[in-house]
């Protein structure tokens, strides 16, 4: 079910600050059947066309607070709840250009009873956040 | 008394995830569409207020719902995140702290039983006994495939329980351990991908015969099957059939059951799991706890088709009532 | 009613650290050697059972001690570890969680007041008000050198308190803000290291005159002092004298006081801190809370000499009773 | 007071396993006026004569549990209580040789209200754990 529901096309948006595009956000639901505290969100990667953005480049926001992935390693109070949208910011100078794009997001959650980390990837083709 | 029926809200995960139904609406559907009395909840999936510390107002609202819809809390499902941090496994004491946290929450929300995840170590359950007694909530280790009733893990856990002589630890039976053949919907999906129905039937017969995965893959190879058939064979790799009769060994320690199911057909039969014999055994040993329906077929719906979780649960209850009589 | 007297067990830290006295023995000494009624505790220093979650048995034992020795809990001293992890500052919510944890513990142990460490942000106190009300425990920001009653930090905090109109946040006065000259023992230590008594006296006079550190260092330089004299001047660098009269501005918000002291002489006088005027002001404004003696002179005992903490506290109480009348 | 009381001469002991000296332990009281959870024990260094042992080489035990310093970074349940002895193991093949030695221990505690880490060093001269 996560393939279909974790990332909606409307939830990919350019970020413009003072008239300049600084990147984009993706609003994600967790690809797991329960919410977890942020220390369990081990990794997120975003691939925008051919460009790969890794955890050190991204920030993660939930409940109005923004964290780096380094900070999240010890974050056990804030949770990414089941069905709740977290916002991942991807720095892309200029924002998302006009045209059609491919966006691939991989979320890795550390699941104790599986003994490790489970990656989950969703791909959206022909994304065009500027109205289309 | 006899066997009581309820619903694990795990069954409704997609309706909740996509925002179609909130917690109260699901309680409503449980009472008024399914016609069930018992509510089982994963508070980390559908929090009452916030997990793990709802406010008093959240708790009051929860009990108001129970009253309004004439439902009652049965079992609360717990997780122990022993890999909470990247670089280490939590110590025993930290894991017991998590158990105590969940026992406390269960107690606040009126749950009498806590589902302990299968791989949680018996030492953690043992060290949590004082908390379980303090909060008046029983811990039940879930016997869930690929674990069986005969597994060493189960036997050693039960030795610990018996040795302690405590009424606050026991077993929860997940009916997935009585699976006899792949769910119909899994087979239908394979057929749509071009699988040969004869090969699928041969696999299903071998599954019912409790053959190992290598045997199933052998059938696929022999009969010239491809990826679709192999997928069905592999889906069985984590299945280990338990004999329903083995529940008799632990009769007085069974405190709760998960009526696990994947696919209910139009005649309200589960298409892959044996319900008849386990329920006969439970009746025979005088089990008078809950069986909560636990629908896990969401991931069998591919493409545009979406599951109707509430309808699936309703059908499951029709079957359960028929079997319990 | 009038001013009540107690002891902050911070005063006894060395006796506890070295294992000479346990918590019960210190309560005994407070009641029977010092003759005090109020007990102030840092639970992270001398835990009742274990911090932050003592068992019910621990809590019962604590109250049994209070009854046995005819003492009562006054203020519990809290820390907020906003640098709990190496790489980040805790969020506001995490800090409020810590405050709630301590308010709950204070409530369980019968403390009416929680000492909030001076640098804790007013936003944290404000967001903790619902917890303080829930647990019935007041939070008091400790005004502690180098903070003064006039500092912007204090003023902005009090604006927040007044704006909220809550009785659950207020001020705790640490008498260290009324220090007038270096403690006698500090001067004696300097003399032993070869300091010139005339230079020390000149420094002490300048301290009483509230001169800045640069001025004190100027005296040392002018009069030809060395390392020992410089050490005394530098020890004053974090001191900022508050006018006792400024307490009148916040009269109804003062909920507790720390009778900070470093060195009581044989005639039971504090050798560096003004007690006379602050106590006169407190009496005048009708303060009827506790002043808990807080001995902090342990680190002035060097070489083989060891402090007699209980005797120091006893002398402090003799002085306090004399001044309160 | 910590100079005098945090490390007693009797609390420096060789560790022998299967007849072979593997190192030594020092039992330390915390040089701070309260107990803290282990994530706040940022660093410990032990200097044995001229040899320096740093955090990656040491383990730290309290309440019967042993941790590496990496593990302690997220350890907020276990505490090093005020006045309680923690055991630091220092790997020194052969254990402490006969003779007189100098042992210097630096403990750094992260103290929020001081805005950072405060190191505290204690030195014991003429240490001879083999009786004397």
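For reference, chains read A, B, C and D in written order, and residue numbers begin at 1 within each chain.
Everything that follows uses one rule, which is that a residue touches a chain if its C-beta (ideal position, glycine included) is under 8 Å from a C-beta of that chain, and two chains touch if they have at least 3 such contacts.
What you are looking at is a predicted structure, and each value in this text was computed from that prediction instead of being measured.
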| item | value |
| --- | --- |
| Distance-maximising chain from subunit A - centres being C-alpha averages | C |
| Higher-contact pair (C-beta pairs counted), A-C versus C-D | C-D |
| Separation of mean Cα positions, subunit D and subunit B [Å, integer] | 48 |
| Subunit B and subunit C: spacing of chain centres that average the CA atoms, whole Å | 56 |
| Geometric centre distance via CA averages, subunit D-subunit C, whole Å | 30 |
| Overlap residues in subunit A, where contacts from two or more other chains coincide | 39, 73-74 |
| Sequence positions of subunit C contacting 2 or more other chains | 84-85 |
| Residues of subunit D touching subunit C in the complex | 1, 5, 29, 33-37, 39-40, 42, 73-74, 76, 79, 81-83, 110-113, 115-116 |
| Subunit C-touching residues of subunit A, taken from the complex the two chains share | 63, 65, 70-71, 73-74, 77-78 |
| Residues on subunit B engaged by subunit A in the complex (per definition of touch) | 10, 13-14, 16-19, 42, 44-47, 51, 79-86, 117-119, 298-299, 301 |
| In the complex with subunit A, residue positions of subunit C that touch it | 84-85, 87-88, 91, 93-94, 97 |
